[in-house]
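Same chain, two partners: chain A is paired with chain B first, then with chain C.
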Partner chain A sequence: MLTFGRACLLLALGLVVFGIAASVYGARRERAEWAAAGRRSVYALFGVLTVAVVIVELAFARSDFSFRLVASHSSTTTPLFYKLTAMWSSQEGSLLLWVWLLSGWSSLAMLVAGRRARALAPWAGAVLLTFAGFFLVLVNFLAHPLQLLEPAAVEGNGLQPLLRHPAMVIHPPMLYSGYTLAAIPFAFAIAALLTRRVDAAWIRQTRRFLLGSWLALTFGILLGARWSWSELGWGGYWAWDPVENAALLPWLTGTAALHSLMVQEKRGTLKTWNVSLALITGILAILGTFLVRSGLLESIHAFGASTLGLPFLAFVVLLIGGSLTLVLWRRDALRSPARLDSMLSRETIFVFNNVVLVGLALVILWGTFFPLISEALAGERASVGPPWFSRFTVPLAIALVLLSGIGPLLPWRRARPGSLWRLFAIPVGAAAAATAAGLLVDPVAGSPRALALFAVATFVIAAVGQEYWRGGRARRASTGRAWPIALGGLVARNRRRYGGYAVHVGIAVMLVGVAASSSFQQVRDVRMKPGDRATVGAYEIRYERPTADVQREKLSLGAILDVRRDGRHVATLRPSRGYYPVADARTVGTLGRWFEGESTSEVGLRAGIRRDVWTVVEPDLQPFRRMIDGIDRRFPLADAQMEPLFLQALAERYTLQPPPAAFRMIVAPLVIWVWIGGLVALVGALVAIWPARRRRRAGGRAAVPRARPATVIERV
Partner chain B sequence: MAIELLAFLVLVTAVAWWVVAPLRGRPASEGSADLAALEADWEARIAAVRDAESDLQTGKVAPADHQALDPELRGAAFAALRALERARARDDPQRRCEP
Partner chain C sequence: MSGSPRRQARMVAALTAAAVLAAVLVWTSFTASSEAVTPSTLARAGEDGRSYELTGTVLPGYRREDDALLFRVRDRSGSASIAVRYRGAVPDPFRAGREVIVSVRRQDGTWVGERDSLVTKCPSKFSAQDDDST
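And now, the complex of A and B:
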């Protein structure tokens, strides 16, 4: 199987070479049969890579430790669910996942656009195959996922403990889907520049893929944040970690592109800006992968220094240089004929929104790469922390949320100044009411940034609510249907618009959660013995008793905490620390090996609509050191029967003579609204991306109505 | 090992046969017109008509302003649809190659 898989990866590289040649030849000579062969190479690439992925997955499922990848990232005790997802916990496996996803999305793009955009598709196919080629070179020659381990290991190292979380199963494929989907607008933008067809055709072919990229990145980022909050044990969901930022960068420029592409579609303007945004988003997606995979910047996602830094850097430089050259080369074709009619128009707000989004991306890019910049300039690595990011990003985020409320209220082309009061009265009134209410609440009044965010978020929710209400009312008047049906019809008739509005509400709600939880959270670090109490905010937390649990692959030492508010029981929390053993007991001892490996925090969390109570525990193992060392000395190589007995003895002693333990306790308001807002945004994006119901002709081409044109226009 | 080699040879043959299939037939053309630009134009024009109507219904533009703008938008949509229909009429579906 291993040899067959290796051969498949070489065949994939061969397909890439043939596909690029066939596509370019077909495009240059206008030979449809060559272009079709190029397209088939993309489909075949997906098929062949699927075979390779299945081989790797089967090896994980069967715990075949003759595969080096399986031996180093799985074990017989790893649950099947995690075995099947262990592939992307490794450098090699995640590169294979990347190129497999890319080939899948590229196949879909070729299937959708292959014959409709005949001039663009072959060039776009060649670009996508070049992306795939780069990753296949890495996979085949620098980080091969199908390496033989001889002799095969008896037992594997197991999956990294931190990754044993349901969110981590979906988080990497989601982010990689976001990155790989962003390659499709990039490829079509390159094709548009090469063919000088910079009209709206390339946008039409790639709009859904860009939205798909946004959707996947949003979901991936949210899952990562959720994992951080409920698993990492540091007490937050966003740390401005380089790898987190790497996903946020294409998300920001992709969001900008989704808005500005609409301006080009409707007004024929912003061509240079749009093509540049698509290119930048694609490049940032590669840069994101580069940051995760190169080990260039220190991160909680550290995969260590690797040999991939230089090839990635060369590829990113090639992409930037090539894109810049193409844009400059085609600057005449990119000149836009139309201008914006008025400052009071939706398209003008989109331009402002783009400026803010790109500003945010630049700030985050600078902060992320500051360690490298400082090292290059001053010879010393210095990094910027969350306060630096907050100083710049919070004002920009407030401006962005405000614009996301103003945009839906303004019409395309121009609004009459006289109509502004009618359009803005309710949202402005709601924002003013929220501000007044905030000023009456003690901690909010003292935080101008949080107050401003609450006000603008209320403005957005009221503005979008007004849009739904007015649209629904008009629909109801024209159809005579009941409110829910009228609203449903309104959304179904214009999914992009109303799905997009829901996204605005989701982001506004999310930022309310972020503002409240980051501004008003209360943190307490305490050391307690059973029976001790600590107060955090309005809560009293009592350390009831210790817990210990011995499992095949981990030892958990924890605590049971009783949480009370105003004397009433609110929750019972069970934070714990999981200790995973290292494989080799010879150097660290039978019992010592359980404390020399990795350890993770299991968070004790009580999530609520108004606030989360979050706790972690760090048991003090010092009092057990003598017992551990004594057993290690007397039984240096205990067998499989003895070891659980020693562990059980340790666990019993921990529960009978518990030492003091260190606790971190956090009461954070409105955290759940971060997840609720994210879900609303995801649902909105799904509505927007969902294909409109339309008549289809045989052969799958989008149907332009066959009635007389004049009749069709009248029907609209 | 031998089975793996045989399986791989079968796979390579099948993939190569399928990928180069379009090259085995007579040289094909996919038609004279590239419809993507025209379809994109038509979609954008018709969306502009709908958006203007939606802006009217939600009170963003006055009826007088909409009445002034609507004929222009519908005219552009009409022209885009006519151009697309003409291009499609020129396009010969028999000459397309698969897939």
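And now, the complex of A and C:
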């Protein structure tokens, strides 16, 4: 199996070489059969890589420890669900996942665009295969996921306990899907530049893929944040870490592109900007992968001991250089005939929205790479922290939310000044009412930034609500249907528009959650014995009693906390800490091995509409050190029957003679709205990406406009 | 939005605003940054009152003292180490042998970690080491 898998990966590389050659030859010589062969090699690549992925997954499922990857990241005690997802917890496995997803999305793009944009497809296919080729070189020669371990291990290391969380299972495939989907607009933009077909055809072929990339990145980022909040013991969901930022960068430029592409479709302008945004988004997706793999910047997420930095750097330089050269080469073709008619138009707001989004991306890019910049300019490596990021990103986020409310209210081309009152009265009134209400609430009044964000978010919700209401009313008048049916019909007929509006609401709600939870969070670190109480905000938290639980794969020590507000019981929380043993007891002892391995916090969380109460506990094991060392000395290699007895004894002693434990308690308002807003945005994006039903004219021809299929393959 | 002089004026205004904002961005990043250092550099050239971002590997023997965590950080490759006194959230993956990043400032001769600034490298990324231990 292992040899077969290795052969698949080599065959994949061969397919890439053939596919690139066939696509380029077919495109240059106008040989449709060669172009088709290039396209088919993309499908074959997906098939071959699927076989390789299945081989790896089968090895994980069977706990075949002759596979080095399986022995390093799984064990017989790892639950099957996590065995199947352990592949992407490693450098080698995640690279395989990357290229497999890329081949899958590329196949879909070729399937869709191969028919509709025959002039662009061969070049785009060649670019996508080049991406795949780069990753296949890494997988085959620098980080092979199919390495033999001789002799095979008896037991594996197991999956890192922190990653045993449903969100962490889906998070990497989502982010990688976002990155790989961003490669498709990049490839078609390159194809458009090469063929001089820089009209809106390449946009029509790739808009859904860009939206798919946005959707996947949004979901991936949200899952990561949710995992951090509910699983990690530090009490936050965003840390401005370089690798987190790397996922945000293509999200920001992709969002900008989704808006500005509409301007080119509607008005035929912003061609250079759009092609540049598509290229930048694709490059930033690779840059994100590069940051994780290179170890160039200090990040909690960066792979240790990686040798992939240089190849990635070379690839990123090639992408930037190639893109820049192409844009400059085709600058004449990219000149746009149309200009913006008025400042009071939707397209002008989209331009401002793009400026803010790209500004945000530049700020984050600068802050992320500042250690390298400062080293180059000042000779010392320095970094900026979360306060620096907040100083710039908060005002820009407020501006962005405001623009996302103004945009839907203004028409394309030009708004009549006289109509502005009718358009803006309700949203502005709602924002003013929110501001007045905020000024009456004590902590909000003292935080101008939070107050401004609440006001603009209210403005957006009112603006979008007004659009839904007006559209629904018009449809109700024309069809005579009831409100829900009229609204449903409205959205179904204009999925992109009304799905997009829902995304605006979701993002506004999410930012309200972010503003409230970060500005008004109350944190308390305290050591308590059973019976002690601590006050956090309006809550009184009492340490009732300790808990201990011995399981096959971990020992849990925790606490039961009684949470009260104004004397009334609100919740009972059970934070705990799980201790996972290391496999080898020879150097650390029978009991000691349980405390030398990984340990994870299980968060005691009460999530509410108004606020979350979040707690973690860190038991003090110092008083048990003598007991642990004593047992380890006297029973250095206890057998499988004895070890649980020792653990039970330790657990019993912990519950009977509990030492003081360290607690972190957080009361954070409106955190749940971060997740609710995110879900609303995801649903909105799904509505927007969903294909519209084709409406047929009386004559039976499809009424939905389609890209004009090219009949000849153009020479470059 | 027609008229060349108006467009040019708008362009000049936009570019000026962008230049000013870029200057603010650059200035604040240099003034608000912390120098990234290794334990050996910090031991040799650390100054009182200045904030540093210390990176290194945690040595065995770390312990709690009331609500403070006392630990030593050594160079990734080398033996120089310094002691850190830290209060705040301790990441789950923190333990001896792990790489950490913590913002520190010297107070009365002791390197004190800034509250909640301690981060430990994501444990999923230690594949190279894990491979060896299999």
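Following the convention adopted for this analysis, the second predicted complex is superposed on the first by the 691 of 716 C-alpha atoms of A that agree within 3 Å, B and C clash if a C-alpha of one lies under 4 Å from a C-alpha of the other, contacts with A are read in each partner's own complex, and residues count from 1 in each chain.
Basically, a contact is a pair of C-beta atoms (placed from the backbone, for glycine too) under 8 Å apart; a residue touches a chain by one contact, two chains touch by 3 or more.
Small disclaimer: the values here were computed from a predicted structure and weren't measured.
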{"item": "First (chain B), second (chain C), both or neither touched by A:83", "value": "neither"}
{"item": "Contacts of A:593 with chain B and chain C, given as first, second, both or neither", "value": "neither"}
{"item": "Which of chain B and chain C A:164 touches, first, second, both or neither", "value": "neither"}
{"item": "Contacts of A:200 with chain B and chain C, given as first, second, both or neither", "value": "first"}
{"item": "First (chain B), second (chain C), both or neither touched by A:115", "value": "first"}
{"item": "Touching partner for A:33 - first (chain B), second (chain C), both, neither", "value": "first"}
{"item": "Residues of chain A that lie at the interface with chain B and also at the interface with chain C", "value": "none"}
{"item": "Chain A - residues contacting chain B, complex", "value": "1, 3-4, 7-8, 11, 15, 18, 30-37, 39-41, 43-44, 47-48, 51, 111, 113-120, 197, 199-201, 203-205, 265-266, 409-413, 415-416, 419, 422-423, 467, 470-471, 474-475, 478, 493-494, 497, 699, 702, 704, 709-710, 712-713, 716"}
{"item": "Residues of chain C defined as touching chain A within the complex", "value": "1-2, 21, 25-26, 28-30, 32-36, 53, 55, 63-64, 66-67, 87-93, 95, 99, 101, 103, 116-117, 119-131, 133-134"}
{"item": "Residue numbers on chain A that touch chain C, as the complex places them", "value": "68, 71-73, 89-92, 149, 153, 156-157, 160, 162-163, 232-235, 239, 241, 292, 298-306, 339-343, 359, 363, 366-367, 370-371, 374, 378, 380-385, 387-388, 391-392, 525-527, 596, 598-601, 618, 620, 622, 662, 664"}
{"item": "Sites on chain B touched by chain A in the complex", "value": "1, 4-5, 7-8, 11-12, 15, 18-23, 25, 27-31, 34-37, 39-44, 46-55, 57-62, 65, 69, 74, 77-78, 81-82, 84-85, 88, 93, 96-99"}
